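After this come two complexes, each holding chain A, first together with chain B and then together with chain C.
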Partner chain A sequence: MADRLRSRTTATLAGDLVAPHMRLALFLLLAPALLWLLGLIVLPHVDLAVLSLRTRVAPRTYELGFGNYRTFIDEPLYWHTFVRTAVMSIFATVCTLLIAFPAAWYIAKIARGRAKSLLFVMCLIPFWVSETVRTLGWMILLRESGVLPRLLVELGITAKPVELLYHDTTILVGLVYTSMLFMVVPLVSALESLDDSLIEAAYDLGGNGLSILRQIVIPHAAPGIAAGSIIVFMLTLGNYLTPTLLGGKNSLWFTEQIYTQFITRFNWEQGAAFGFLLLVLSTAIVWLGLVVTGQKFGDVMRRS
Partner chain B sequence: MDQDLEVDRVSKRYNAHLAVDALSFAVPHGSFFSILGPSGCGKTTLLRLIAGFLEPDSGDVRIGGHSMRGVSPNRRPVNMVFQNLALFPMMSVGENVGYGLARRDIASTEIRNRVAAMLKRVGLPGAEGKRVDQLSGGQKQRVAIARSLVLEPTLLLLDEPLGALDLKLREHMKIELKQLQADFGTTFVYITHDQSEALVLSDRVAVMSAGRFEQIGTPQELYYAPHTAFVAGFVGANNRLSGTVQRVDGDIIELHTAQGLALHARCTEHVVAGNEVEAFVRPEVVGLARDAAGLATGTPYYTGRIESLLFDGANSTVLVREQPTNTEFRIALPQTGQFADLRESEMIVFGFDPERAISFRGGNDGR
Partner chain C sequence: MNPFRVLCSVLATVLAAIGLTTTALAQENKLRIITWADYAPAEVVAQFKKETGIDVEVTLSNNEEMISKLRATGGAGFDLAQPSQDRIVGPQQEFGIYKPMDMSKIKTEQFIPSMLDATKKNTTLDGKVYGLPHIWGTDGLVINTKTAGKVGDYPDLCAADYKGKTSVRLKRPTLLALAFSSGKDPFALYNDPKAYTALMDDMGKKLAACKANLKFFWDNKDQLLNGMRNGEVVAAMMWDTGGWKLNSENPDVQFIAPKSGALGWIDTFALPAKGRNDAAAYAWINFNMRPEIAAKVAASAGNFTASKGADQLMDPKLKAQFAKSFPEAALKNIKWYPAVPAGIEDIEGKVLDRVKASN
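The block that comes next holds the complex of A and B.
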């Protein structure tokens, strides 16, 4: 008893002596990260929040209030675009998942050795060129006088060239294509950690492909699926170039509205409010997705 | 007795490597059949052929009298206990055991009852709600077996299921497995490279080497009457002595080892003087005494120096160097405690009945 007491006092004493040094060292070590967090993420957002709460009543006179948010609600175009962007992003994420899953399965479980790395590289190759060039590539392929419409005419499928650009489907194709890698990578790592003998055991006990997928594979890969979906959803929601170039004037993407407010209209206050709404939207949908699938954010990010 | 499993000249080749070489055997209903062999001899391949994860290149597997050609693993009346158990970590114990039943569209109340009854039979009553990672090694083992047995398979395949357990638990689970099998009366096909597991558990054992069976028999037959040098060397401890035949007298031969030791052994094969043979003498066959008078009369005896004492309770042995040839013998200590005061480098005499030492022509053991 006495021993334990004594050792406790020594420990506290030592702690008191060491702690100031330790705390300073810790602080210095963390300083770059804190600076980054504060300077590049928190500050701009605080500024954005403050900005969004100011309404211009006359040149150079501002009033504090929710005026900018009221404009968003009152103007159907704005919230239509908002909802449309959210729905299209969710849809694009689901499409990416559905296409990426078999690909990831093949890479993780079936391909061996060289074939495996080759397939991975094939997922990476689109990223060797910049997003702009990649999207322009799609435009060259799809525009009315482009490669694909001409091919369709030559093959006699359509009588005259059709415009394949500026459709919602075109936007979706572009978004899925851009997001693929970010879904494949977490899925492959999740599926690779799945022990093959679990699948064999389930098969041996009478399971078939569908029940094994539903009860063994998906529960195991859930954190990977969630991680991939979060990344793809956020990238899609915040994407500007692909919807604008492939969708043209009627793409109606919310980032475009923000751009217009900031650059064309020079209404920074309105733009800030839109930016804030987009942040709230993505947070809400990610949170909802995690709750519905019963995942924890920390787990998901650690596992991916 | 009707055969639950018949394997008929089954072969499996991986590229150039013949992993299973035209094997045939049958396992009668309700028996415990073990396949014993060193690592890489093709045991797992054979088991996967029976379970249906691999298709044989030639030959046929019949289970309960029906050919299994083209029948997928989920439709075969066999279940397998995997080496790493492969319990589903995303499910509770109850869901693990009920997985196979649920695949058969059985009502959920019925499943619950059967799972509860099965868990009780394997000594884990009320464990349904536990997570797999809350179980000890032995409990996982029992859940894995329960998960298969609840489906009432014709045949249960076990691929070194005790391999992952520590020694103490392995000894314990060995006995439990034997009891479970007797209890359920299910036919077990058990794979192991541990000869003591095979001997203790099985009704019949097949000793496998390089894709073929060297011998199939009861544990006693394998131990007392091995057919090949490989079986003699693999099953149980043995002193292996190679030498040249000097004289043949009925089925007793006299051989001389390279070091110059002369000994007598039984040989069932046809040999003539000058042939190379290998003789096997079990440690417990050799008698030990302080002087020649202490040994059975009429058997040849040798003098040796004790090199080391290997005390292991009832399995204690001594390593003795025969003098003057320096040949090493491993000899079991009688359990009477008569030699408890034996010291290293003490001189001792030993001898054995030639009828109980067995020999085979050299160079046919496949190693």
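The block that comes next holds the complex of A and C.
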């Protein structure tokens, strides 16, 4: 009894001694991450927020106010660009999902052994080269004097080469191609966790392909679908390279607008305001998407 | 020891280490230049190193990027910049990114006097000179005489004959060129923001109407050169050097001075406000303006230089191309960019955004 008592006191004593020590160690271990977060994410954003609230009135004189945000509302072209970017990003996300789902299903459920890893690697291989090179590849294929238009002429489908580059559709093709992997991976992991016997049972109970897909597969894979969609949507919305290179004279992307404000117009204040609007609006769209599909953000992020 | 103190000491050590490395770097004799492609050819850099022992680190850029980069650091990171002469006073007023030239350290006798005076006048703020002329050239039309021989002025790019086969940049020179070709003088309105806004709005509408005719808004030189090489583009607004380069490959392609006048630019030497090695910068300027060096740089850039006497050493082919593009009258008709006052680019920026968004 006495022994036990003694050991307990030692334990608490030790606990008292160790705890601050442990806390310090934990703090030191976390320090790099915290510094990184604070220095590279929080502080620049605070700086941008302050910047976005300044309006230039004369050289080197600024006044505080919401002028830059008002410009976004007053000047239709800016919010038109944003709406255009958002709608096209959503569309690109849907297209990616529609193409990636059968592929992910095949990898997760039908392919076995070597074929499975081979297929997975095939999704990954395009990412071994940089995005610039991939995009330039599309440009070589699609430009008027490029491979595809010439092929169309040789096959007698078109009389003379057509320009396939510089259309909105071209941007969509590029975006879907670039983000395919980020949809396939969460979908495969979501589908793999679906027990095959559930599908067999559903067939036994008289279900058909469509009803099983709707009532069993999709509800099970929903967090994976949501995770993939969020990643693809964010990547697409924030993409700069693909829309600028593949898009033509009419295709304005919102990130391009931010770049222009910062670099060619020297209007950092306006650029910062646009940056914040992009952050807020994209968060709002993702949140809305989660609410509409009845998903929880935590679940989704665990899945991805 | 409290965690905060520990963190502070860790931070202090890290900062001290960074400080040590930067001072160590500063001690070696290095000149960091931000400039245009081909303005600091390897051969010239090597010769400079041999003569002075100074290493040259070259960063390639353009007007807007130079200003943005220097603005981001308040004028640090580079010891010498080469913006165009019209883009010095405005940004200097707004952001204070340059420091004045010490003219006593410059061998002014190496410059063509008229060009030196004009640049000094254009880059003077509060009685101090901020820029010296280096390379000059023009913006005009590059045409394929076989397929677009009739193009003679900027608005011809919008003619239905060349639908989908012409190109311009979505930048300020295009708006200015359109203004000149409709008989206006935009430079005269620089100090009247209201009238200038009205004029630019009109030109924006013109350009938007012309958009259907354009293949693309070109952004980098190679994109346009490739387009012209394979015939996707038959006429474009571009600077002279690109036109002469194509002319050497294919005599059908020519650079012509438009009827309403080519736009003349001069790229300068300017000292960033927080440059660390001014002595090296001055040495580089004086070295570069020596006729034989200037001729080498000019040949590499494909343009002409403000160095006195370099003219005799220039490539005869380039001289012949220049003479063909610029008969006496066209040479007199060049519209040289005056300094852009602060605020003007905001007006143009909005117009250009609208053009891009219009359908």
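Following the convention adopted for this analysis, the second predicted complex is superposed on the first by the 285 of 304 C-alpha atoms of A that agree within 3 Å, B and C clash if a C-alpha of one lies under 4 Å from a C-alpha of the other, contacts with A are read in each partner's own complex, and residues count from 1 in each chain.
Convention: a residue touches a chain if its C-beta (ideal position, glycine included) is under 8 Å from a C-beta of that chain, and two chains touch if they have at least 3 such contacts.
All of these numbers come straight from a predicted model, not from anything done at the bench.
Student: Using the superposition on chain A, tell me whether chain B and chain C clash or fit.
Tutor: Fit - chain B and chain C, as placed by superposing on chain A, sit side by side.
Student: Touching A:H220, do we find chain B (first), chain C (second), both, or neither?
Tutor: After superposition on chain A, A:H220 lies in contact with chain B alone.
Student: Who touches more of chain A, chain B or chain C?
Tutor: In the superposed model, C touches more residues of chain A.
Student: Which of the two partners, first being chain B and second being chain C, lies in contact with A:G248: first, second, both, or neither?
Tutor: second
Student: Of the two partner chains, chain B (first) and chain C (second), which one does A:G207 touch, if any: first, second, both, or neither?
Tutor: Touch partner of A:G207: chain B, not chain C.
Student: Once the shared chain is lined up, is A:V133 touching chain B (first), chain C (second), both, or neither of them?
Tutor: Neither: A:V133 stays clear of chain B and chain C.
Student: Once chain A of both complexes is superposed, is A:L198 in touch with chain B (first), chain C (second), both, or neither?
Tutor: Only chain B is touched by A:L198; chain C is not.
Student: Just to confirm the geometry: in the superposition, how small does the C-alpha gap between chain B and chain C get, in angstrom?
Tutor: 46
Student: Is there a shared patch on chain A that both chain B and chain C touch, and which residues make it up?
Tutor: none
Student: Could you please specify the touching residues of chain B with respect to chain A in the complex?
Tutor: So the residues of chain B touching chain A come out as 51, 53, 72-75, 78-80, 82-84, 86, 88-91, 99-100, 103-104, 147-148, 151.
Student: Please give the residue numbers of chain C that touch chain A in the complex, ascending.
Tutor: Its residues touching chain A are 1, 3, 6-7, 10, 64-65, 67-68, 71, 91, 93-96, 164, 170-171, 211, 214-217, 230-232, 342-343, 345-346, 349-350, 353-354, 356-359.
Student: Across the complex, what residues on chain A touch chain C?
Tutor: Per the touch definition, chain A meets chain C at residues 23-24, 27-28, 31, 56, 59-60, 75, 77-78, 80-81, 143-145, 163, 166, 248-250, 252, 257, 260, 262-268.
Student: Can you tell me which positions in chain A touch chain B when the two form their complex?
Tutor: My answer: residues 195, 197-198, 200-208, 211, 215-216, 219-220.
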